[in-house]
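The two complexes that follow have subunit A in common; it is paired with subunit B in the first and with subunit C in the second.
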Partner chain A sequence: MLTVAGLGRRELAARLRGPGLRLQTGPFVTCVQSPLAPLAESLAAMYADYPVLEEGSLADFHVRLSGSNGLRRLLRPQVHFHYDGMAPFQPLPLNQAFPMFEWAMNWCVSSQANSWLVIHAAVIEKGGVAAILPAPPGSGKSTLCAALVNRGWRLLSDELTLVRLDDGRVDPLPRPVSLKNASIGIMRGYAPDAAFTRPVADTVKGTVAHMRASSESVARAWQAAAPAWIVFPKWEAGAPAELTSVPQARAHMRLAENAFNYSLLGKAGFHAVARLVDAVDTFDFRYSVLDEAIAVFEQLLLERA
Partner chain B sequence: MTTAPPLLLKVLCEPAAMAQLDERDWDLLLRQTLASNLAATLGLLAEEAGVLAALPARVQRRLGWARTVWERHLQAVDFELRQIAVALRETGVPLILLKGGAYAAAGLPAGAGRLFSDIDLLVPKERLADVESMLLLHGWAGTHHDAYDQRYYREWMHELPPMQHMRRASVIDVHHAILPETAAARPDPARLRAAARPIPGGDGFYTLAPCDMVLHSAVHLFSEGEYHHGLRDLFDLHRLLNGFGAEPGFWAALPARARELELARPLFYALRYCTRLLGTPVPAGVLEAARGGAPNPALLALMDALFLRALQPPHPSCADAFDGAARAALYIRGNWLRMPPLMLSRHLLHKAFLSPKAEPAQ
Partner chain C sequence: MSRSPIWRLVPGQRLDHRCHDGECVLFNDLTGDTHLLEQAVLDLLDALRTAPRAAAELAGDDGAPESDPDVLGELDEVLADLAALSLVEVAPC
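Moving on to the complex of A and B:
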């Protein structure tokens, strides 16, 4: 199977500049075009293990990231995102090209992939069962997810949980884990062997860096997992790691709020959430120390076995 | 103009041809289809032609995503129509739905897969005030509050300023005619209303009569200034003509009705571009009768150059070097048809320099 690393730098750049790189991430193929050399570099670093499809194969999404024209190039260069000729977002400063690529990739899925219930949540797996971590930005979801996947859990996604509508299993969509502000330094210390992008300051989300998904999680992207827990995480300075049970009805409402297409799916969305809540244990989770948090997840796994 | 017609036009003419496409074709076809806002329609056409289940799994999946959006849209439209019926019941005004809302409520083939943002109603001009105040009472609020826009709509246009529901954000356009008061042609709305037909089981809603539905769709498309939905609207016409063509008397009545309503020109364009681009089966006698609405040969050559570009899928793979110019020319033409030149120049000046910037130009 051809991968981004297997293409080599020169061919990668040529495809990005020319017909497009057909990049497989989980169940999706995205055709990416971009003349931006720094973006090619980030893609080579963050997506080395991902499958590449040949030109002429079907892509679900066609995206292009380009630089500014004319005077803009010299003064305050920007990166523009195009979705097959349309421009759904405002341009960003050029040094935010890779974060913009990641956000755009999320948007492609969350705005269209209606054969899943798409939840704004991290999801990780161990022993065939998955924990879903839905949470608003700033709750420490990505940090917790990054810590867990560096301590033996498999990354399914740090941002988009894809719940199948037919059997309720979760399809993996492993991609780089997005870290913000203080989390970046914490995670570098916590996972010194992991690969990170250079932090980009002053984005709408503050300073942002991405951590590469492990080769194993990418290689197993076709292995779905059965959800076992939904854990709503909340980082709180000094808090001991503690789970509190959440009643089913409330968990349903909170999942619905965190799903991109709950209302759009109508009855199917309701049933998907109801089945999910029925199949799992649901908790609120406060933590401050990552090792303590991981111990709690290991305990959940033990209790289940 | 590219030499081979775009793939999308080919499969709209002949949906069963979808079964023969390879993955490379599909990659292009899906892009043209999404850009044209026809993805849900394409899936329904494949199903109708009996080829959907034979398409590649990833194609079925992609078409399914769009279908989900359409099904949810239909559900929302159904809900919205019931709310409107409740709000306006007391007025006793017959509620005639136009365009997308009519196709959806009457379950016409033209509604299959079609998304639209506003619900369009046609009511008698003398009842506008009643309808407006009942809608206000039931939570719809007026938009376009600046004095110039109010005058633009209320004196010159054929509709109230769009009304938006305060909680659901749904939009109703209440019309009293199908063309602006300031346009050269003025199809008599009383004739349209007199011929309207109740929708069976439709909560007291009506549609225009079949000929009038076609003519309204045609006049709308061919006096439009913005052609981003051009192909989709042309396909509406194709589906309406195919559907009504089976009704006895429809074809014979269509050209005469067009003349009666001063809409012979748009009918001519509709039949010309439907047959040329979508292969719509129109009886030869009807084409002949509609020729009376044709412009002079020089103008027709120009309109061909413009419309044959603007009615292509709005996707880079279907655009030639003149695509942008054609669309710009049609934009100017759309405004030109709306009002006399002096009034138009005043309107454009006002929109450019005097209107508050927050309000999008109409």
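Moving on to the complex of A and C:
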């Protein structure tokens, strides 16, 4: 299987500048075109283990990230995102090319992948069962997810949980974990062997950096998992790590609020969430110390066994 | 003296729902919304699916005195709320 690392830097750059890099992430193939050298560098660092398809292979998404023309190239240069020839977002400063790529990839999936129920949630797996962590930005979801995947849990996704409509299993979509502001330093200290992008300041989300997904999680991206828990996490200074049961009907409503395409799917969305809630235990989770939080997840796993 | 309105389930509602420990989620076939309801409200909708009824009859179904003004007032409020959600409506004469 050809991977991004296997292509070599020169061929990677050539494909990005030319016909496009057919990059496989989970069930999706994205054709990425870009002449931007910094983006190629970040892709080489963050996506080294990912499969690459041959030129001409069918792609689910066609994206292009390009630089500015004219004077803009010299004065506050920007990166422009194009999807199927359209420009759905405002351009960003050029140094935000990789964060923009990641946000754009999330947008492609959350707005197009309607063969799944797509929940704004991290999802991790151990022992064949998955914990889904839905939460709004700022709740500590990605930090908790990053900590768990550095302590033996498999990353399925830090942002988009793909629930199959036919059998309720979760398809992995492992991609770099997005960290913001204080989480970046915390995670660098917590996982010193992990690979991170250089932090980019002054984005709409503050300072952001990405942590590379483990080679194992990328290699096992075809292995779906059965959901066992839905945990709504919330980081709170000084809080002991504590789970509180969430009544199932209320969990259904909260999941619906966190799903990108719940309304669009109509009755299929209702049944997908209903089946998910029937199959799992549902909790609110407050935590402040990562090791304590991980111990709680290990205990959940033990109790299930 | 005007007759009490007869309430019915809005045609097209299938009452697809899940109940857990006294709370239910219900899919609204006409709006696509999902509602969080108490089990008793779901039971009321189920009763209207069986046959259109006046509020007093619904109160009787629930074992309450049919003429209790407090019960009837509360039922009227619930029915008005459900009508606003396009779940029930007054049956045409």
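Assume the second predicted complex is superposed on the first by the 305 of 305 C-alpha atoms of A that agree within 3 Å, B and C clash if a C-alpha of one lies under 4 Å from a C-alpha of the other, contacts with A are read in each partner's own complex, and residues count from 1 in each chain.
We adopt the following convention: contacts are C-beta pairs under 8 Å (C-beta built on N, C-alpha and C of every residue); 3 or more make two chains touch, one makes a residue touch a chain.
Remember, it's a predicted structure, so these values are computed and weren't measured experimentally.
In the three-chain model built by superposing on subunit A, subunit B and subunit C fit together without any clash. By the touch criterion defined above, A:R250 lies against subunit C but remains apart from subunit B after alignment on the C-alpha atoms of chain A. Applying the stated contact rule after C-alpha superposition, one finds that A:A274 touches subunit C and leaves subunit B untouched.
In the superposition on chain A, A:S57 contacts subunit B only, with no contact to subunit C. Looking at the shared chain after the overlay, A:T207 reaches neither subunit B nor subunit C.
By the touch criterion stated above, A:G266 is placed in contact with subunit B and with subunit C alike. In the superposed pair of complexes, A:T3 makes contact with neither subunit B nor subunit C. Between the C-alpha centres of subunit B and subunit C, as viewed from that of subunit A, the superposed structures give an angle of 60°, to the nearest 10.
Comparing subunit B with subunit C, the partner in contact with more residues of subunit A is B. In the superposition on chain A, A:S115 contacts subunit B only, with no contact to subunit C. Here subunit B and subunit C sit at a least CA-CA distance of 6 Å once the structures share a frame through chain A. Shared contact residues on subunit A (touching subunit B in one structure, subunit C in the other): 263, 266. Contact residues of subunit A toward subunit B in the complex are 29, 31, 56-60, 62, 84-86, 112-115, 261, 263-266, 268.
Only residues 16, 18-21, 23-25, 27, 29, 32-34, 36 of subunit C touch subunit A when the two sit together in their complex.
By the touch criterion stated above, subunit A contacts subunit C in their complex at residues 247-250, 252-253, 256, 262-263, 266-267, 270-271, 274, 277-278. Subunit B meets subunit A in the complex at residues 23-24, 26-27, 30-31, 34-35, 56, 58-59, 61-62, 64-65, 68-69, 71-72, 75, 314-316.
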